[in-house]
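Below are the structure tokens for one structure; questions will follow.
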Amino acid sequence: MSDYNFAYLDEQTKRMIRRALLKAVAVPGYQVPFASREMPMPYGWGTGGVQVTAACLTPDDTLKVIDQGADDTTNAVSIRKFFEKTAHVATTEKTRAASVIQTRHRIPEEPLTADQILVYQVPIPEPLRFLEPRETETRRMHALEEYGLMHVKLYEDIARHGHIATAYAYPVKVEGRYVMDPSPIPKFDNPKLESAALQLFGAGREQRIYAIPPHTRVVSLDFEDHPFEASKADHACDLCSARHTYLDEVITDDAGGRMFVCSDTDYCAGRQATGHHGRLSPQEATA
Amino acid sequence: MTPLLSVRDLSKTYGGRIGCADVSFDLYPGEVLGIVGESGSGKSTLLNCLAGHLAPDTGEILFDTRTDGPRDTRKMSEPERRMLSRTDWAFVHQNPRDGLRMGVSAGGNVGERLMAVGARHYGQIRAQATDWLGRVEITEDRLDDRPSAFSGGMQQRLQIARNLVTGPRLVFMDEPTGGLDVSVQARLLDLLRGLVREMGLSAIIVTHDLAVVRLLAHRLMVMKSGHVVEQGLTDQVLDDPQHAYTQLLVSSILQV
Amino acid sequence: MIRIENVSKSFTLHNQGGAVIPVMEGASFTVAPGECVALTGDSGAGKSTLMRMIHGNYLAASGRIIVGDTDVARAEPREILTLRRDTLGYVSQFLRVVPRVPTRDVVAEPLLAVGTDRATAHARAEELLTRLNIPQTLWSLSPTTFSGGEQQRVNIARGFAHDFPAMLLDEPTASLDATNRETVLRLIEEAKARGTAIIGIFHDADARARVADREIDVSAFTPARAA
């Protein structure tokens, strides 16, 4: 028996967050301010996502937490433990089995369904921030749909690197209106932002919540002569041989050895279980 | 001919203090109007009211819009006014740092106004930026450098290119040659004169440098304590000043 | 072409006790197309003042100054600017230009202002500079560094670049050598032949006798001193 209120936050706080969530869903891509609370973890460790998850969870939910696609990193494990302890909800590593998924910097490879909620942890919600430091000005720019500046960032990319070098947190326009930072997901995941699931974004330190309702149009910004490309490392997964997934590069020794593996650990494990093998699979190594 | 800008009884006070009072004038297409006066005479207040940076207390500012003819910019909605200031208007600040993005390359600075009005073709944006840098005498190899690596005169020329790339019809300039040394000033004046003539620009230039207005402005407005004390043809006002203050101003110039 | 009717002028010196100095009264005369009128009178009689009033540089206190179909004494600044651009040329004694602008462009500018294409304007500028013996090596330099005589010739070339229907000439032959003086007088005669109405100030009596059809002594317009 724990002495925590369900999912740590008190009921009034969760109501406040739910009101912000409703507004965010009603105005897709718009950053709704909310009274972010101190959480028992440092800023940058997902305080925004945790508060949104806490406000969404019901006792019947099954929670999955991923960090860069993996279920077993410190961040993912500690947040999962946090809700096991404070909400007593079931947890899972299976994408398909989860009703709520909190994520840091990835969208699962498995297409999400209408009965799922994906909660993103967001460090800096304002896509215009690095070009325009004044909050008063960025809010006015959103209000008046003045988004020329966003293209200036992409222009600078091409001018400097010959192509759009922004590889993560790639800005998108939501439902033809608000330009939004999709959190630092790789741009490979951008096409997956058009989803059947409800997607919620929480920025704890910056005190903003925003959302993409199911089946909302999400367009990645680009130039006519430099169209958006969902890029990934040009390799197959060394464990499951998938060519269509986002890969992590892992350095394996100090002699230049490296391997590419799916960043989505659950997806990779699922493929291996159904008989897909990669270049460095244990089965092949022993064979 | 319809004036491009028609100002009637414009007043702005700061609390009980007069910023500018009862200013009226017409500016026709292709005309350059100089506003001179000592510090605190209200010339910058007037310029900022005209450009929509300050809200005047009373008066009308009628701008001859491309689509709907003359409209009072004070009654426009904010999006309309901001659209105007991105397209048909330009504002050249005394300090180029106020008018440039110092963290963005020269090409990006010039391209921003194009992208703000919907340009989405990188190659074309870049070509236009290159063209404009050329017109303000910045070589193409500086296209990807940041303005922080430019000299003061180059920054000011870059600011002008950034402002003129969308083909504005009205340019507001606040001491455009203020912080520059004399030889750079001359070059900039020559450049501005050429652009004004080639593009048929109208401009309002605030300055306290009478030599600058003599070379650039067709007409002159002399301000003192928030009021316009004299206006007319530039050389007439400077050579045959009628008002006591203008006579004082003109006779105070040091002869080189 | 130019009609002066009952023009008067006074200067008020606000910063010197508000002294009012009347300098001209009841000035009236006309100049027909193709005619050259020389203003005469002692130094200080008001020749330059009258010339400047016709040019719109000084405000006339009363009267009418009709050039073409513009009353300079009452016109809006932009009407005077149009008049100066299209109709009324002025060769002053001093060259006033933007530093750094090449001589060729300085001379071509009045043509560019009336919409002549650049090539034609430059060709005309070069022709005039050649006639006035400005060495070709100087054409691409700014005239601000030239000698007084060279500046004066550049000024004349600029004044004659566009064929104005009316012209004001203030000492056009001053400080010129015999060859260049001859060229300037020819330019004036050519302008007259084209039908240009000219008002000039010539201290050079021979030059005056050669180009002027009439003389007007502006001393006649000097107000009687109150004292």
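Note that the chains take the letters A, B and C in the order they are written out, and that residue 1 is the start of every chain.
The rule is short, and it goes like this: a contact is a pair of C-beta atoms (placed from the backbone, for glycine too) under 8 Å apart; a residue touches a chain by one contact, two chains touch by 3 or more.
These are the chains along with the protein names UniProt gives them: A = Alpha-D-ribose 1-methylphosphonate 5-phosphate C-P lyase; B = Phosphonate C-P lyase system protein PhnK; C = Phosphonate C-P lyase system protein PhnL.
What you are looking at is a predicted structure, and each value in this text was computed from that prediction instead of being measured.
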Set of chains whose contacts include both chain C and chain B: none
Relative to chain A, chain with the most remote C-alpha centre: C
Chain nearest the overall Cα centroid: B
Centroid spacing, where centroids are CA-atom means, of chain B and chain C in whole angstrom: 32
Computed distance of Cα centres, chain B from chain A, in Å: 46
Chain A and chain C: spacing of chain centres that average the CA atoms, whole Å: 77
Complex contacts: residues of chain B adjacent to chain C: 28, 31, 183, 186-187, 189-190, 193, 197, 214-215, 218-219, 232-233, 235-236, 239-240, 242-244, 247-248, 251
Residues of chain C defined as touching chain B within the complex: 11-15, 52, 56-59, 77-78, 80-81, 96, 98-101, 112-113
Residues of chain B touching chain A in the complex: 78-79, 82, 86, 101, 103-105, 107-108, 111-117, 120-123, 125-126, 143-144
Complex contacts: residues of chain A adjacent to chain B: 131, 144-146, 148-149, 151-152, 155-156, 158-160, 222-226
